[in-house]
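Structures for review follow.
Each of the next two complexes has chain A plus one more chain, namely chain B in the first and chain C in the second.
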Partner chain A sequence: MKRFFRVYKILFLMNLSVLTAHRGAFINHLISGTVWGIFSFIVMILLTYNVRSIYSWSKQDILLLNGILGIILGLFNTFFQANFDNFPNLVNKGKLDSFLLKPMDAQVLLGIWHTKVVSLSRALIGFIFIFYICIHYQISISWTGVLLSIPVVILGIGLYYSIWLFVTTLTIWFDRATNIVELLHSLQGIMRIPPVAFRELNLVLFLVVLPLTIVAATPVGLFLGRFDFGGLALLTTVSFVCLLLSRKFWLLALRSYTSASS
Partner chain B sequence: MYRTSFILYRVRELLKLFSLYFLWHFVTAQNNDFFGYDQSEIITYLLISTFVGDFIYSTRTTAIASEINEGVLTNFLLRPLSYLRYYFTRDLADKAMNIVFALGEYAIFFSLLHPPFIFQTNASLLLLFLASVLLGVILYFFISVLISLIGFWSNEGWGPRFIFYQVIGIVSGSLFPLDVLPKPVFALLEWLPFPYLIFFQSKVYQGQLPGSEIVSGFLILVVWICIMYVVTRFVWKKGLRVYTAQGR
Partner chain C sequence: MRYFRIFLIHLHRVIENRSRSIVWTLLALFNPLIYLCYWLAVYKSSGSMIGGWSLSEVTSYYLLLSVAGSFLIAHIDESVAIEDIYEGGLVKYVIRPFSYFWDLFFGELSWRIFQGLIGIGILFIIGISFQLLISFVSSPLHIFMTFISFLLAYTLSFLFKMILGFSAFWLTEFRGIQSSAEIILLIFAGFIVPLQFLPTQIKEISFLLPFAYMVYFPILAIQGRLEYVELLGVLGMQILWIGFFACVYRLMWNRGIKLFTGVGQ
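For the complex of A and B:
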């Protein structure tokens, strides 16, 4: 564990120095991320302007869902997104070998190689949005609810991570599919909607969509002090199962990996 | 192009459509009024605006900035062809291919979800819709080229383009009909070129514009095309004066 933190600290400082060395790129990323975050919330406010409640979700719940999603996506983008975006290129160009040969678990090393600190701005905007919604709609929240929602948010990030790992691992078999990561980017819209909205879908589609929809939806209830043990149990179970299965899938894929030099 | 990569690109477009549809279906499910639009009208607007957006926004001109920065532009300047005309032709070919596959994606989408879509049967409105889309293609081409010509003065072309996409997503009517905005804001937007990329086309299709507004809309669209053409040519010439490339 100590070695992991030592390696992580070195990588983090490297990423930070690269980021600050190219100030133009840093400012571009910061402005782009901030603008993206703000616009996504403006769109949700507009969409729910005339709405009081949908499928037992109040307007405030829906907006809080999007705020929490903003925090989850901001944190995920900071710590993992750049690594997943880069993974298909690593496989396609044979650069995965250098990670596999290092004396550290390749999945862990790949997950922490890049850290995009500037994406924290999206998480910050999510926090500000939640704060604004609570003030505007006079929502009273308890510290217990806030503190309990933190581990649930982390579980949601873990579930989202495992979904990304599943999808990007496929590039080991389909190494030309360098744009596979864009599939999940295009599904982020689904994460803005509570799971109940998909109950009209057939069972197979619902099960495919469910993991994405519970990532941000489950913490909302806890944040508001509503203890939905069923939802929490579902998120916990699905997160751990997906994390375990994605790890197994990754190890299975590595057995099929042929390096560029072989 | 690699087949898997291409198929994934098309699947991604289909998934984006699903995501957008589910979001709007959710919002209008128990509240059949979105600023005066009922569910079928807003879903129709959404699907038409997405289809038109896929057609208009798909462009190869995003590569111009990197071609300028990397000096690849020199190869084109030495050839006996107009660089901008080359890109326009390339865009049209790309759009022709995209539209074939987009129709297939929409067929899959309709067969799976049966959305409450209003099919326009008025032939004259359909012709006007097609004409407005074609003019929108030309307008967006010049706007996109103008953004890419930043490459003559800066290496950081993607940042302004990304922000531009975010802004244009709202002000063109891609995400929601612009007439839901407060009247002063909408009145101001009507004088800008952006509503004539998506919003105007969608409203023409839905037959929700009186004849006078269709005529004025087309006039404003043509005027903006002329303005953007002149500005693009001017910036292009200015850019060429500062352009330098080595080793080619």
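For the complex of A and C:
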């Protein structure tokens, strides 16, 4: 563990150096991240413009869900996103070899190689949006609820990480499908909508989208002080099972990796 | 004939990269289908009409949107800006004995047709699986006018994306303007909600902008929601915007090409 933190510190400082060396790119990423962050809230405002509720989810709950999702995505984008975005190209060009040969677990190393501090802006926008929603709709928040929702948000990030690992690992077999990451970006839309919206789907499809729908929906209840033991247990179980399965899937895929020169 | 051959060459490349095409098509399908799930739940929980649209009309709109996105929206801006202008790929086009514009137009058309057909296939499976009904236009004249509207919509979207790509002649960083344009397109072309659902003022603005004529109105046309007069009005607006974009395109090309420098031996 000590070695992991040492390596992480070195990589983090390296990423910060890159950030300060390319200030133009930093500003550009900051603007585009902020614009997309704001856009995601505009989308929800438009979608809920004519809507009062969806079953048990009120308009405020849906907007709050999106605020929390903004924080989750902001943190995920900061620590993991760039690594997953880069992964299909590493496989396609045979550059994964250099990670596999290093004296550290390749999955861990690939996950921490890039840190995109600039994406924290998205999490910040999420905080601002939640603040705005709470004031606008006069929602009272308890500190206990906020504190309880923090570990649940971390669980949600873990679950989201495992979904990304599952899908990007597929590129080891389908190395030309380098645009598969775009597909996952598109799937973010599922997390914006309350899980109840998907209960019209058949069972198989519902089970497929379920992990994504609970990533941000579970913390919302806790945040509002509505403790839902069933939802919490579901998120915990699904997160750990998915993390374990994605690890097994990754190890299985590595056996098929041939590198560019093979 | 020459451009038809160019189209076939590009189509060959598209088929070669079919796994990428499938992913892009799925991408275009996902968001409308997610929004459709959302609206299905909204309608079923509220049980009333929204913005004058019934549940079946909304369902039909999003299903058609998922395919129309693949057919109509060109994705040429990034390759024009990055591969051709920043990386100098434009050099190989300017010395060829055919137009850069038409080469890209037919090249992109091959991607659109292929991805659109995959989209129709997937939509067909979804429609059968979930027994979803899509309302279509039925009279021959209406069908013909809708077809013309689709052709014009593709041309409009293509010209807009070319102009966006040409901004790279002047800008050192293209991504910022691309992101902003993408967001505007998503909102005002009806990718998020049917424009009828927007607040009145935003809706009125969106009807004046070109984006509604790239996707929203062609979908309404194929649904049969537009009368002949309205459809003629849509075609008129499409031609007007194409004319405007063609002038901007010509101006940007003439000025931009003077700034372009291709480095090589």
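Everything below uses one rule, namely that the second predicted complex is superposed on the first by the 259 of 262 C-alpha atoms of A that agree within 3 Å, B and C clash if a C-alpha of one lies under 4 Å from a C-alpha of the other, contacts with A are read in each partner's own complex, and residues count from 1 in each chain.
Methods note: a residue touches a chain if its C-beta (ideal position, glycine included) is under 8 Å from a C-beta of that chain, and two chains touch if they have at least 3 such contacts.
Predicted model only: the values in this text are computed from it and were never measured.
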Review point. Between chain B and chain C, positioned on chain A by superposition, is the outcome a clash or a fit?
Key: clash
Exercise for review: Would you check which partner chain A:S98 touches, where first means chain B only, second means chain C only, and both and neither mean what they say?
Suggested key: neither
Check your understanding: Who does A:Y55 touch here: chain B (first), chain C (second), both, or neither?
Key -> both
Check your understanding: Regarding the shared-chain residue A:S259, is it in contact with chain B (first), chain C (second), both, or neither?
Key -> neither
Exercise for review: Quick one: classify A:T20 as touching chain B (first), chain C (second), both or neither.
Suggested key: neither
Review point. Just which bits of chain A does chain B share with chain C as contact spots?
Key: 24-25, 28, 31-32, 35-36, 39, 42-43, 46-47, 49-55, 174, 176-180, 182-183, 186-187, 189-190, 192-194, 197-198
Point to revise | In the complex, chain A residues that touch chain B | key: 24-25, 27-29, 31-32, 35-36, 39, 42-43, 46-55, 174, 176-180, 182-183, 185-190, 192-194, 197-198
Practice item. Would you tell me which residues of chain A are touching chain C in their complex? Key: 24-25, 28, 31-32, 35-36, 39, 42-43, 46-47, 49-55, 174, 176-180, 182-183, 186-187, 189-190, 192-194, 196-202
Revision key, fill the gap. Contacts from chain B onto chain A in the complex sit at residues 2, 4-5, 8-9, 11-13, 15-16, 18-20, 22-27, 29-31, 33-35, 154-156, 158-159, 162-163, 166-167, 169-170, 175-176, 180
Point to revise | Complex interface listing, chain C residues touching chain A | key: 17, 19-20, 23-24, 26-27, 30-31, 34-35, 37-38, 40-42, 44-46, 50-51, 130, 172-173, 175-176, 179-180, 183, 186-187, 192-193, 197-199
